[in-house]
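Below are two complexes that have chain A in common, paired first with chain B and then with chain C.
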Partner chain A sequence: MERRSYFEAVNLHKYFPGVHALNDVTITADKGSVLGIIGINGAGKSTFMNALAGELAIDSGEYYIGGEKTEIRNQKDSEKNRIALIHQEAVVFKDLTVAENVFIYNLKDYTKAGRLQYKKMYEDASRYLSMIGAQVNPRELAKNITVGEKQMIEIARALVRDAEIVLFDEPTSSLSLEEKENLFRIIHQLKEQQKIVMYITHFLDEVLKICDRTVVMRDGEVTGDFRIREVSTRELITGIAGHEVETVVNQGEENEGEEVLKIENLNCYPAVKNINFSVHKGEILGLWGLLGSGRTEIIRSIFALDKPDSGAIYKRNKEGKMLKISGHKLLEECAYVTEDRHYDGLFMAMPIWKNITMANIRNFSNGMMDVQKEHEYSIKMIEEMQIKTPDENVLVETLSGGNQQKVIMARCIGKNPDVFFIDEPTRGVDVNAKSFIHRKILELARQGCAVVMVSSEIEENLNLCDRVLIVRNGTITDEVRKTDISKQNLMDLCLGIKEGQNE
Partner chain B sequence: MSIQRYCAKKKNAFMNRRDKTFILASLAAGAALLLAIAFAKPGFYAAKNISSILIQCSAVAIMAAGQIYVMVSGGIDLSIPSVMMLSGCIGALVMRQTNNILLGILSIMAVAVLAGLFNGFSVAKLKINAFVATMITMLVANGLSLKVTKSSSIPVPQEFTGLFGKYYGPVHANIAVMILCLIVLQFVLTKTGFGRCIYAIGTNEKSAQACGIRTDKVKIQVFLISGILSGIAAIVLTARIASSSLSLASDSTSLDVIAAAIVGGASIKGGVGTAVGAFAGAFIINGLSNLLVLFGIDYYSIQIIKGMVFIFITYFDTIRAKARRA
Partner chain C sequence: MNNSINIKNLKLTALNHAVYIFGVITIIVFSSLSEHFLTSTNWITILRNSTLMLSIGIGLTFALIVGELDLSVGANCRFAASVSALLMVNHGWNPYLCMILMPLLGGFIGLINGLLVTRVKLNAWLVTLSMKLALVGIVVKLTNTVAINMPQEVLNFRNIKIFGLSSFIVFILAVMILMQIILRYSTFGRKLVAVGSNYAAAEKLGINVKNYKLAAFIISGFFAGLGGMLISVNLGSITRELGDGYEFTAVSAVVLGGVSLAGGEGSVFPKAFAGVLILTVIENGLTMMGADIYLFQIAKALIIFVMMYIDSIKNKM
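Take a look at the complex of A and B:
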């Protein structure tokens, strides 16, 4: 049978325990084009990418590259087929120089008599980096460069390997606006060099902007294949979700509830400087700022997870009095959804039920843990949060991102808190889980909970918040009331455009 | 969805099974060892002898149970046997000076508690790596033991050996203390909220913190417990051999204790293990030593062979951890 496209993956199947991760997936791509691959978490797009990158082997199916049948069983095969994957979080060694990082796979080629030829390495590195227009000093240590520049290292690696097929796995999730523009420029450049670019993303606007064609995946299957010129956003969303998805918007009137939490003069060197704010009953307060502006650090120092240098916290107690409270005590009484569920959120190797009750052990113990009660409670929460799982004994690490996030939400809601801190409520979460979580947050606020939310997604701030505080360089620079919240406004304030400076 | 559910259930069952397989494998290895002893020396398993094996391994089992607490929380305590030795020696000296058993026991426990608190403070508050912190304690305890005993053996009073080193009916006091410790420790570890917190910290310390668990407090408590158990082990051991000296703990006792914990299901990486497992581990490790002695192998060769076996055991731990994650 004749092969029509330069790259063809035909009838791929991959089974994980419990999931048919790739179900008869056929994807083709032509030289000099950008192919988008979109879908919710667990749709199979990452599995597909990882299979191409040789990080996992498919169970059945065939690959054809340039008309030739080929095998991709491991990373060596993938390299041989000139495929390069740009990871979501760039894989760099932070104590090595940029040049060493660029040639990390080829250090052999730069070794003469057992010694690395740094001079040649620096020269070549700057040549490759300038090819993609990256302004990075190859002698700089990787820990001193920005996230975007780290990504440039990965792209440079792909160039070094002379990759034909370049895979991008959600490359923009932690980039600044400028870095994003630069990345799109590079992708365009790769396209002009007749490479094949495959681009995984959650963000539809990016697909519409840079891709020529896009494949939509759902539940391990390819459910759509569109030419970008001929498709509407609505069609894509419906394709991704399998049904129409509502956008959840906070339509409540601006109403000033009583103050429940007040932060005074909080300082935590060096990331948090002189923080003052208060949160009111039934309010959703956004902390909005760029990545690295100190949003997460503010929350961590409120809870004394990073020990603050100075400052006081007051919380309204049951009798209605505002009393001074320590960070640790506050953390016991409040709910806290952390930024990164893998790093400091979940207990991956533990079953769901233990995860759900972990923040609230005291409620389930009278000397002895009441395991029966824990199970019953977990089952109730699994139902309430619509967590998709066979039962409460499943290990959390086997759940999809959206369901994992729901487990953390369930744990926090179970504390019945009057203040709820949420850092990145929907990072790496599919559209269905996202709108569910949004609805839950609104519901919490409506029940009188004060919600403090940090989100990198501007829409989340627009749709949910009653009030937004702008965080810049570790301090709160502005306050935006509900009626004034707009995309332009938030963007300008967090960049500090009014003062004419950029971070 | 129903198929997916079925598969996910299967995966969990599969993983549990694999984990169990590994634990079974280690127990099987232990059983094989004991069989080997039986062949090497028929008559070894007379009822009296089993009881004497249990008595022999009681101190290591008690210390291993303390080690389990630390290891479940993701740490390690190298100082347990040295603290045991130091507290035993000081206790013996106090008893010799005052002829007061109660004072002796109190001083044993005081030394052990102080050492445990010191370890806990170094690890939880000063953020010193547990391996380094407890190694320092180990060296200090060894040095102090040498100083206070001047390398001599200090006999303990008859009343003391009579209390903790004798049979009560068919049961030896050592075994009774060991079983009591195991029951209490197993209960606290697996049934209480405190125990749950220890597992949480060992699984993911950052997550535990974010859940509002005071991880530094729990860590200090965990090291305190391992200290207390060093003290109990010191009481049991000095009472049995009727004296205290530098030979209470040998070079390899520290490894014996860690190996017992790992064979019993604990992991260097934290988050798993039970006190009862530590007991089984101690039994097996003790069996190994016995076997080697029975074959007439000299002390130094035994050290070499044990070293090899420990490498295998820790390697075993890594593959087990991998299986757990897969």
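Take a look at the complex of A and C:
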């Protein structure tokens, strides 16, 4: 059969224990184009990328590049085929300089008589970095640069290796607005240089913006292949989910419940300055600001995870009195979903049931654990939260991102909290799980729980919040009520543009 | 395709139980080499010889579970035993009281270790290593490296038999089961595992992570001291070799048994127990065959390498 595209992966299969991760996947791409690969977590897109990057070997299937049949069994093969993967979390060595990081695979080329030719390395590094418009000092240590700049290092590495096929795995998930724009520019540039770009993401607006074509994956299969010009967002969402997905919107009346939690004059230098706010019963309060504005730090200092320099927290107790409460006690009493479920959310090596009961362990014990009760409860929660798993004994690390997030939600809901802190409720979560989690948050609020939510996604703030506090430079600069919440408004305020009500 | 998955699962199961398979093979090999190996007298000897390492291993398992290492256990054992023995022999303290004092002293040293690690926030390796040096120094100063012989009251414990076994053997086996139940089924145990499995996550759930770490250090010290108590009964004297290098033997044993160095994974029984028993069996078998004592050191090192290798294969699958 004649090969029509420059890159073709044909009939790929990959099995993991119990999962058919790639099921007869055929994906093609042409030079000078950007191909989007979208799908929910566990759809197989990461498996596909990792196979191309040589990080795992497929069980059967064929690759053709430039019309020639080729093998990709390991990273060496991948490199030989001039494929480069830009990881979601850039792989950099933080104690090496930027230049050393850029040439980490090519240090041999810069070695003369056993010594590294630093001068040449710095020069070449600046050349590669300026090619992608990155203004980083090649002599700087990698630990001192931003997330976006670290990504630039990875892209520069791809250039150094003269990659023909550049894979991006959810590259924007932790970038600032500016960094995002710069990344899109670079992708455009790569496209003009006749490279093949493959772009995995959850963000449909990004696919619509930068891709020429997109492949939709679901349950390990390719379920759609669309030209961007001819497709609508709705079609894509339906393709990803396999059915229509509703957008969950908070339609509750603006109601002023009683104050449940009050933060007074909270300071934690330098990230958190003079924070004052209260949360009310049944309210969803958004903390909105750019990455690095201090949103997460505010929550951390409320819980005294970063010890505050001054300030007081008051929480309404069961008798209805507002009493001063310590950060630690607050952690015990309310539920807290952290930003990074891998780092400080889940017990990855433990089964689902232990993860679910961990937050309210007291309900299942009188000194000794009532394991039977724990199992029964977990099975109930798995059902209620629609967690996709064969049973409750599965280790959490094997679940997809969406299901992991649901496990965290299940754990917190089980605690029956009156205050609920959620940092990034749906980061790295698929569309189905996302709308499910949104629905759950609304349900909690309706039951009287006070919710404090931090989200980088503007839609999440628009759709869910009753009130949004704007965080800029570690302090609250504005408050927007539900009736005034709009995209433009939020953007203007967080960027510090005055008179933001121009909609 | 299903077939290849089955084979993979079978391999994984085998690797997961490698230490037990290895133990059975060892026993078969030794019993074919020596007819005295598989006798009940010999197995009682093996059990008796394993009591000290078992006690230290139980304590260490708790430290490892929360993700910390206690390198002071060997010296702590010697310290607790020596100080109590001196009080008993030279100062006329009640022997029974002094026996109970041993694990308490050990626990106290554990408390100091734990406070330095969790409150002063020092590195556990360095804290416990310095503690080891300090304790050895104190013991040498106090005893002038002279062995201390136990009074008759202590030795009498050896002669009390339960199910035909010396009382101290039955005692430590019972304590082992108790500690496993605590680790596996108590709320306390669950939280310890949580702290070791993901410290940051446990902290966010309002678990008092520092106190759980502290508790693990106290338990580790307590069982080091308890080891001193067992050896007093078993050998009847506190020698100057007691506990020397035991931190490493005990770590090797429990890790061999399958307790993770990374925290959050392990058990007192069967894991730590299996590791301790296998090392003791090998030592016993080699001695019976009249092998050089240093051969045991080499054998021990080889076994640990092999087991670590198997572990790394397992993690790659």
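Couple of notes before you dig in:
In this text, the second predicted complex is superposed on the first by the 498 of 503 C-alpha atoms of A that agree within 3 Å, B and C clash if a C-alpha of one lies under 4 Å from a C-alpha of the other, contacts with A are read in each partner's own complex, and residues count from 1 in each chain.
Note that a contact is a pair of C-beta atoms (placed from the backbone, for glycine too) under 8 Å apart; a residue touches a chain by one contact, two chains touch by 3 or more.
All values derive from a computational prediction rather than experimental measurement.
In the three-chain model built by superposing on chain A, chain B clashes with chain C.
In the superposition on chain A, A:Lys321 contacts neither chain B nor chain C.
By the touch criterion stated above, A:Thr398 is placed in contact with chain B alone, chain C being left untouched.
When the two complexes are overlaid on their common chain A, residue A:Lys108 makes contact with neither chain B nor chain C.
Contacts of A:Gly345 after superposition: both chain B and chain C are touched. Shared-chain residue A:Lys307: touches no atom of chain B or chain C.
Legend: residue contacts after superposition of the two complexes on their common chain; A:Met369 is shown touching both chain B and chain C. In the superposed pair of complexes, A:Pro390 makes contact with chain B only, with no contact to chain C.
Common to the chain B and chain C interfaces on chain A are residues 17-18, 305, 328, 331-332, 336, 338, 343-350, 354, 358-359, 361-362, 365, 367-369.
Chain B meets chain A in the complex at residues 1, 4-12, 14-15, 191-193, 195-197, 199-200, 203-204, 206-214, 271, 324-325. Residue ranges on chain A touching chain C, taken from their complex, read 15, 17-18, 59, 303, 305, 328-329, 331-333, 336, 338, 343-350, 354, 358-359, 361-362, 365, 367-369, 371.
Note for the complex: chain C touches chain A at residues 1, 4-5, 8-9, 185-187, 190-191, 193-194, 197-198, 200-206, 208, 264-265. Of all the residues in chain A, the ones that touch chain B in their complex are 17-20, 305, 328, 331-332, 336, 338, 343-350, 354, 358-359, 361-362, 364-365, 367-369, 388-391, 393-395, 397-398, 411.
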